[in-house]
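Below, chain A partners chain B and then partners chain C, in two separate complexes.
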Partner chain A sequence: MLWVDKHRPRKLDKLILHKDIGANLKKLVEVGDCPHTLFYGPPGAGKKTLIIALLREIYGPGVEKVKVETRPWKIQLPSRKLELELTTCASNYHVEMNPSDVGNNDRYVVQEIIKDMAKSRPLDIKGQRGFKVLILNEVDRLSKEAQHSLRRTMEKYSQACRLVLCCNNVSKVIEPVRSRCLCIRVAAPQKEGIMEMLQYVAKKEGIELPQPLSSRIADASDRNLRRALLMLETCRVAQLPLTDDQPVQLTDWELYIQEVCNDILAEQTPKQLYLVRGKFYELLTNCIPPELILKRLLICLLRKLDDELKHHAAELAALYEHRLQEGQKAIFHLEAFVAKFMNEYKKWSISMYG
Partner chain B sequence: MAEAARSSQPWVDKYRPKNVGEVAYQDEVVQTLQRALESANLPHLLFYGPPGTGKTSTALAIARQLFGPELAKSRVMELNASDERGISVVRDKIKSFAATAVGQPVAGYPCPPYKLLILDEADSMTQDAQNALRRTMEAHSKVTRFVFICNYVSRIIEPLASRCAKFRFKPLHGDIMADRITHICTAEGVELVGEAMETLGRVSGGDLRKAITTLQSAVRLRGPRVDGRTLLDVAGAVPEAVVSSLLAACRASTFSKIQEAIADAIADGYPAQQVLVEVQAAVLREAGLRDSQRSQICQALAEADKDLVDGADEFLQLLSVASVTQRVFANTL
Partner chain C sequence: MASRKRRQVPVIVLSSDDELEQIKPASRQMSLSHYLSQSSQGDKRQPLQLSQPPLKKAAIQLTKTTADSSRVGAGATTSTAGTLGTAKQLSDHQAMAAAATAASRPAAEELWIDKHRPKAEADLIVHKKKVAELRGWLEAQASTTSRHAGTLLATGPTGCGKSTCIRVLAAELGYELTEWQPPVPTLWAEHQYQAASGVRYVSKLHAFEEFVSRSKLSSLSLLRSTAAAQPAAEPASQHSQHSQPALRPAPKKIILVDDLPHAGDAEQRHRLADALGELANTARCPVIICVTEAASRSQGERGAGAAASSSQGLHKELMGVLDAAGAAHISFNPFTTPNISKALTRIAAEEGYSLASADVAGMADSAGGDLHNAVATLQLVCTGKAGRPAAPGNAAKKGKGRGRKTKAAEPESTLQSSGVARDQSLTIFHALGKVLYNKREDPDAATAADATAATKSKKAKTGAPARAASQPAAAVRAEGEQDVLARLRGDACETSSACVSVVSERFRRQPLPCDPEAVLTQSGLDASSASSFLHENMLEFLQDCAIEDAAAECGYLSDAGVLMSSFHSGATDWEDGNTAAASMSDAMAGSVVVRGLLFSNTHPAVRRFLALKAPASFTIQRAVAANLEELKALVWRRSLQSMSCFGGSARMFAAEGLPYVRCITALTNSPFIGAMLPARWSSVKDGHIHQQSAAAAAAQTGAVSEMVDSVEQLGLDDEETIEDW
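And then the complex of A and B:
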């Protein structure tokens, strides 16, 4: 088991970070009035951990017995019959799913699954709650129609089923849905928090983690705890015992983008652009999302540029990333960014050095 | 179980006005409607105005006052955007409801001889569906009155709008809102500490529903003593400190400062669009800026907002805005 999962706190009182949110959630559960909730925050901030701990607080340890099943859904629409397959992860008390997996048909699935849960209400035995919980991941990728159809459904079936929504980008969740939920912002941990967690995990694993190394891991992780823990585990695999000056291994796609960045700065010619294009293809075929490539590339470039050029680069990146979202083929926009940037860079270097 | 059900009921529903006279602030609307209610003769109605100003509440209150709770079940039909509302529904469901004759009245209420069909969020209906309604409205006007509710009256096709009496609902004033909020606070035993009321007014922007939901979430989360910070947190607003540190970074001369500030704001999970709104307010307040500078910044903000709606990356958009702002401050654009 990965350390990320192995050392994940399972209870609200065992939380190390986000103690204040944990205390508030505990209060909510004690009152017995658990509203619909929406957790939002950057990746690796601890949203999922909080949700799991919340469920455990509500239902007790039984909630950890989950089974993953891929179930076919047959949905009767007024005009046609729809057949879908969707993987859910469920226990006796909750169902977790990723509705954006089914693309455009997500609205029907969400409706159907909520109605299904409302039909089979858990018996009100002592210690059990009268409702089930449906966890929807990545609600920011849910279509607008699906979000609109949630509005009424959330109210209508709130007796039998409470929703826990989870997303990165809360601006993409429509206002009516947000206003029906208790919104909880989960901030990414500060550097000190990450270092504390790293030390905690290292101690549990019985290894010595030198302070400078943990500081460098925390820096490299961009305040993403999951990444930090994965890096720590990679470090351990690379070498034991850990030393102060051990290199922090970046993932290979990041190194590859670093290489692309060096290529761009080394030479600004059509031939070089062709080479870079090949590397972009390599990244894309390895399923690295194009917006991540562009973002990473910009950050790499920014490290090595003059201030005047930084402004240009940042604005260009914003422009082409937007086009990338609108357009169909990512490679065009990535390449356009590089071409435009090379142009700016050349102009600048000629004006500087003649 | 019943107890839990009551406590989890949203306050918005719990404190909905029971009759038309109780609707806050919309005096002209209330007067006209009350006169119409006395004679029990109602035209088709069209309510429009920004969210949280009492449109749906008024419609429901009319239904209640005319028919009473029992008869309302058979005489009133409410459809909103989450129900299927394509052209087929207009043809079948609405038409058949509109065409049925009315039953016996009950004592104690005016019970005029017609039914009420409330179409909430009517501006999200398709043009075709609206067109299909035209004839239905006229053909059955003897036994059915329609109430359209929408935010943007321009999205209702002209033939429908001209068949209705139009009422505009205006955004709520600070003190009127404070009045309702105080009423709810006393009923629920909530105490507002310090500047909580002003904060509530600011984050809601005249939207009473938003104010009430924010208040309820704050109480659920932190207990019955509510202060301004909790409200800001629950409403998802961006604290003053974040915005001012962003602007301070823009005023610095190095690019790395703004990069750090933006990366921190994103990692803290603040929604980018909200950050843009706050930055805009701060830039407008800011002394010592020329108008041309302000307009340049505002243009960058507007473009970033549009891009965010299209699904662009938050970090890159904010970075681009900050880069423009920094150059405007330094007069190098």
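And then the complex of A and C:
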């Protein structure tokens, strides 16, 4: 088992980071009525950990006995019959799903599953009908229609089921849904927090983690705890007595983007653009989200640019990141960013060096 | 089988609703008499008595609609004998009826396309080389001694004379043409009606397979298609000898398959491929397979799909089978416009009509290389004329003969006002070429007043998308566009001097020889595939230094990408989507792409031949989808083992988890962590998807760890630069 999974806190009182959120959630459960909740924050901040700990707080250890099933759903629409398959991960008390898996049909699926859950309500300890929890991942990837349909369903079935929504980008969740939920912001941990966590895991694993290395891992991890732990494990696998000056492994795609960045700065021609396009395709084939590609590329570029150009690059990146969110065809937008940037860079270098 | 053969159901293909009104009485009468003819079983003379005014009217209507019905596919329009004589599919049975009809009916009743069918090689207007090629093949078949007869694949667009050419030459060389007769298409309702009488439904594909297996035997009881009249039901015993070429020197047989079954999905295609391969390998007499190139007439279908899946109108798989069987291949080109006009003039002269040469040229042009269509058009025009004294279209044209440059459009519009001409279409690559090569008109060659007016109006239009790409000024495309165009042209004429100064120097372009939206429409591409194709190819058409053009082009593509998606997310109603809004936004996206590319390409590469490529993004999309599926399964499996830490998000796992998991497996060989790698991983190399198994992927991780080494250096490099800044 990866260390990330192994050392994840399972209970609200065992949390090392976000203790304040944990305490608040605990109070919420004690009161007995848990509202719909929306956890949001950057990746690797601990949203999922909090959700799982919350579930355990409500239902006890039974919630960890999950089964994954891929079930065909037949949904009767007014005009046609929709048949699709969806994988869910469920225990007796909760169902977890990724509505964005089914693409455009997400709105039907969410409703149907909630109805289905409402039919079979579990009994709580006092013998009264309790509620089930539906965890929806990646709510920011839900289509607007699905979010609107969610808002009605949330009210209608709130007796039978509580929703726990989880997303990175809260601005993509529509206002009505946000207002019906208790929004919990899970911030990315500070560097100190990450270092503390790294030391904790190292101690549990019985290895010595030198302070400078842990500091470098924390820096490289970009305040993403999941990454930091994966990095730590990779370091441990690479070399057992960990040393101060050990290299910290970055992901392969980030290095690849480094290469792309060098390509862009080396030559600004349509031919080079074509080469870069090929590399983007490679990255996309490996399922790297285009937003991450653009972000990483910008970070790489900014490091090497003159101050005069930095704001141009940032502006372009902002524009095309927005386009990525709005439009189809990720490659068009990525390439447009590179082409426009090449143009700016060429103009600048001509003006600089004549 | 026998009872179905006798059915000659008039199939009427309507192109619009108002025609329905006109045709109703006629068709009712026809079906009534048809019913009569059916009830008086076997009396084939019955339909002939239909030569009455209503039928005549119906015949005209039908002629008119043949233009549109050409895409329906000849198989579907099994015609009433002699009325809708596409004549391709005439089995001997129908041919007999047709012959009888022709004999008893006044000449005017017959379709000109049949009446003026070339009878001798000299009459053919197919290119001499193609005729010689075909003749050579046929002669070679006659002299060959090998047991296996050859196979010939004749391809070409509709109405380019494939079948005619084959028939004429076969007749001249003394072959007997035997045609596979496909079963009559059956409607479900019909089938249900017939099922009681014990008639089984046979699919076309099934019938073809049966035919192939029968054709292996020399005692081929196939039906003859040559209209040589005598009943085909020769006793099978007559030619049941096994050594046919030696004993039966007289007419040698040729099998003609003119109407291949349609193979929609992979499984059907596979069956068809098997059947074709068997036919090519085992047939005892030469086989000619006629295939209509659908790709060049991509009116109805999605252009991209057609280009990706079919070459020469056949699926790649089928082509491969035929190639493997050593089939010869002759591809017919569409007729040139002068050729068609020559033929039209000849037919018109024989019929005793005199037409203005411009009219003929217009007809020929609008037929787009389809002689069949052109003759049908001619007949319709002439039939209409019979009542009218003069040719009004001609006079009208003299009146507005100013639009010299739109040579093709003018006569087309006069014809189109009578609703005759078919839509023009362009092949995908032709259309892409028009955009990518960015050919502009030479300003010096353009003459005085109206030329400059046109220039300016176009210039003004071209400037529009540049100024505000998100503002869809360029995309007023439907009826409105004509008005806009006219207004712009009018304005430009009035204030010709002011117009020049409006647009600053860097936004000025030479006039375009074509209308970009029209190019897009004619190519049959939707915005999404058009932009993919253009995106794939555009960089090659730029000069090496022209990064600023590339930047502008990419910008427009990105704009279009947003426009395209706005119909995906915005216009999907609760029900099945708002199609009007969808097509509008699609049109806008297409317009932005095409005009944007034309506008921003100011440094076109030196003109040379450049092969256009199919977009790589399609392959990439498939690979990504496959990988995502793998990852999803994996992520869910993981969440079973331990409450997953990747939130069930496959993409997140790909970006954050997978690289480390790969590293860890490469370094430890721990099977437990290795189980977290996807079982199969697709990658794209040279435009093809390669799937690697887990083992190969593990080997690949070696490469990753190599990369790790190089990274270390890079990493150091990074830190230096950080200190720099």
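We adopt the following convention: the second predicted complex is superposed on the first by the 339 of 354 C-alpha atoms of A that agree within 3 Å, B and C clash if a C-alpha of one lies under 4 Å from a C-alpha of the other, contacts with A are read in each partner's own complex, and residues count from 1 in each chain.
Keep in mind that, in the parts below, a contact is a pair of C-beta atoms (placed from the backbone, for glycine too) under 8 Å apart; a residue touches a chain by one contact, two chains touch by 3 or more.
Please read these numbers as outputs of a predicted model, since none were measured by experiment.
Chemist: Should the superposition on chain A be reported as showing a clash between chain B and chain C, or a fit?
Modeler: fit
Chemist: In the superposed arrangement, does A:Gln159 touch chain B (first), chain C (second), both or neither?
Modeler: A:Gln159 sits against chain B, while chain C stays out of touch.
Chemist: Examine A:Ser349 and indicate which partner it touches, taking first as chain B and second as chain C; both and neither are also allowed.
Modeler: The answer is neither, since A:Ser349 touches no partner chain.
Chemist: Per the overlay, which chain contacts more chain A residues, chain B or chain C?
Modeler: Counting contacted residues of chain A, the larger count belongs to C.
Chemist: For A:Ala238, select first, second, both or neither according to whether it touches chain B, chain C, the two together, or no partner.
Modeler: second
Chemist: Could you look at A:Pro42 and tell me whether it touches chain B, chain C, both or neither (first, second, both, neither)?
Modeler: A:Pro42 sits against chain B, while chain C stays out of touch.
Chemist: One more residue to check, A:Arg185. First (chain B), second (chain C), both or neither?
Modeler: first
Chemist: Touch test for A:Glu326: chain B only (first), chain C only (second), both, or neither?
Modeler: A:Glu326 sits against chain B and chain C alike.
Chemist: Once the structures are superposed on A, label A:Val170 by its partner contacts, choosing first (chain B), second (chain C), both or neither.
Modeler: first
Chemist: Using C-alpha centres only, what angle sits at chain A with arms pointing to chain B and chain C? Round to the nearest 10 degrees.
Modeler: Here the answer is 90 degrees.
Chemist: Under the stated touch criterion, which partner chain does A:Leu284 make contact with: chain B (first), chain C (second), both, or neither?
Modeler: Second partner only, chain C.
Chemist: Rounded to a whole Å, what is the shortest Cα gap between chain B and chain C in the overlaid structures?
Modeler: 8
Chemist: In the superposed view, which residues of chain A touch chain B and also chain C?
Modeler: The answer is residues 78, 326 of chain A.
Chemist: If we count contacts the way the header does, which residues on chain A are in touch with chain C in the complex?
Modeler: On the chain A side, the touching residues are 1-2, 4-6, 8, 43-44, 47-49, 52, 64, 66-68, 78-79, 87, 89, 96-98, 101, 104, 137-138, 143-145, 166, 224, 226-227, 230-231, 233-234, 237-238, 247-253, 255, 258, 268-271, 273-274, 277, 281-282, 284-289, 292, 303-304, 320, 323, 326-329, 331-333, 335-336, 338-340, 342-343, 346.
Chemist: For a test of understanding, state which residues of chain B touch chain A in their complex under the given definition.
Modeler: Listed in rising order, the residues of chain B that touch chain A are 1, 4-5, 7-8, 10, 51, 80-84, 88, 124, 209-210, 213, 217, 220-223, 233-234, 236, 253-255, 259, 263, 266-274, 304, 307-308, 310-317, 319-320, 323-324, 326-327.
Chemist: Quick one: in the complex, what on chain C touches chain A?
Modeler: 528, 531-532, 535, 539-540, 542-551, 553-555, 557-558, 560-566, 568-569, 572, 574-576, 616-617, 620, 623-624, 627-628, 631-633, 636-637, 639-652, 654-657, 659-664, 667-668, 672-673, 676, 682-684, 704, 707-708, 710-712, 714-715, 718, 721-722, 725
Chemist: Taking the touch rule as given, give the residues of chain A at its contact with chain B in the complex, in rising order.
Modeler: Touch residues, chain A against chain B: 24, 27-28, 31-35, 40-42, 45, 78, 124, 130, 148-153, 155, 158-159, 169-172, 175, 178-180, 182-183, 185-188, 222-223, 291, 294-295, 298, 302, 307, 310-311, 314-315, 317-319, 321-322, 325-326.
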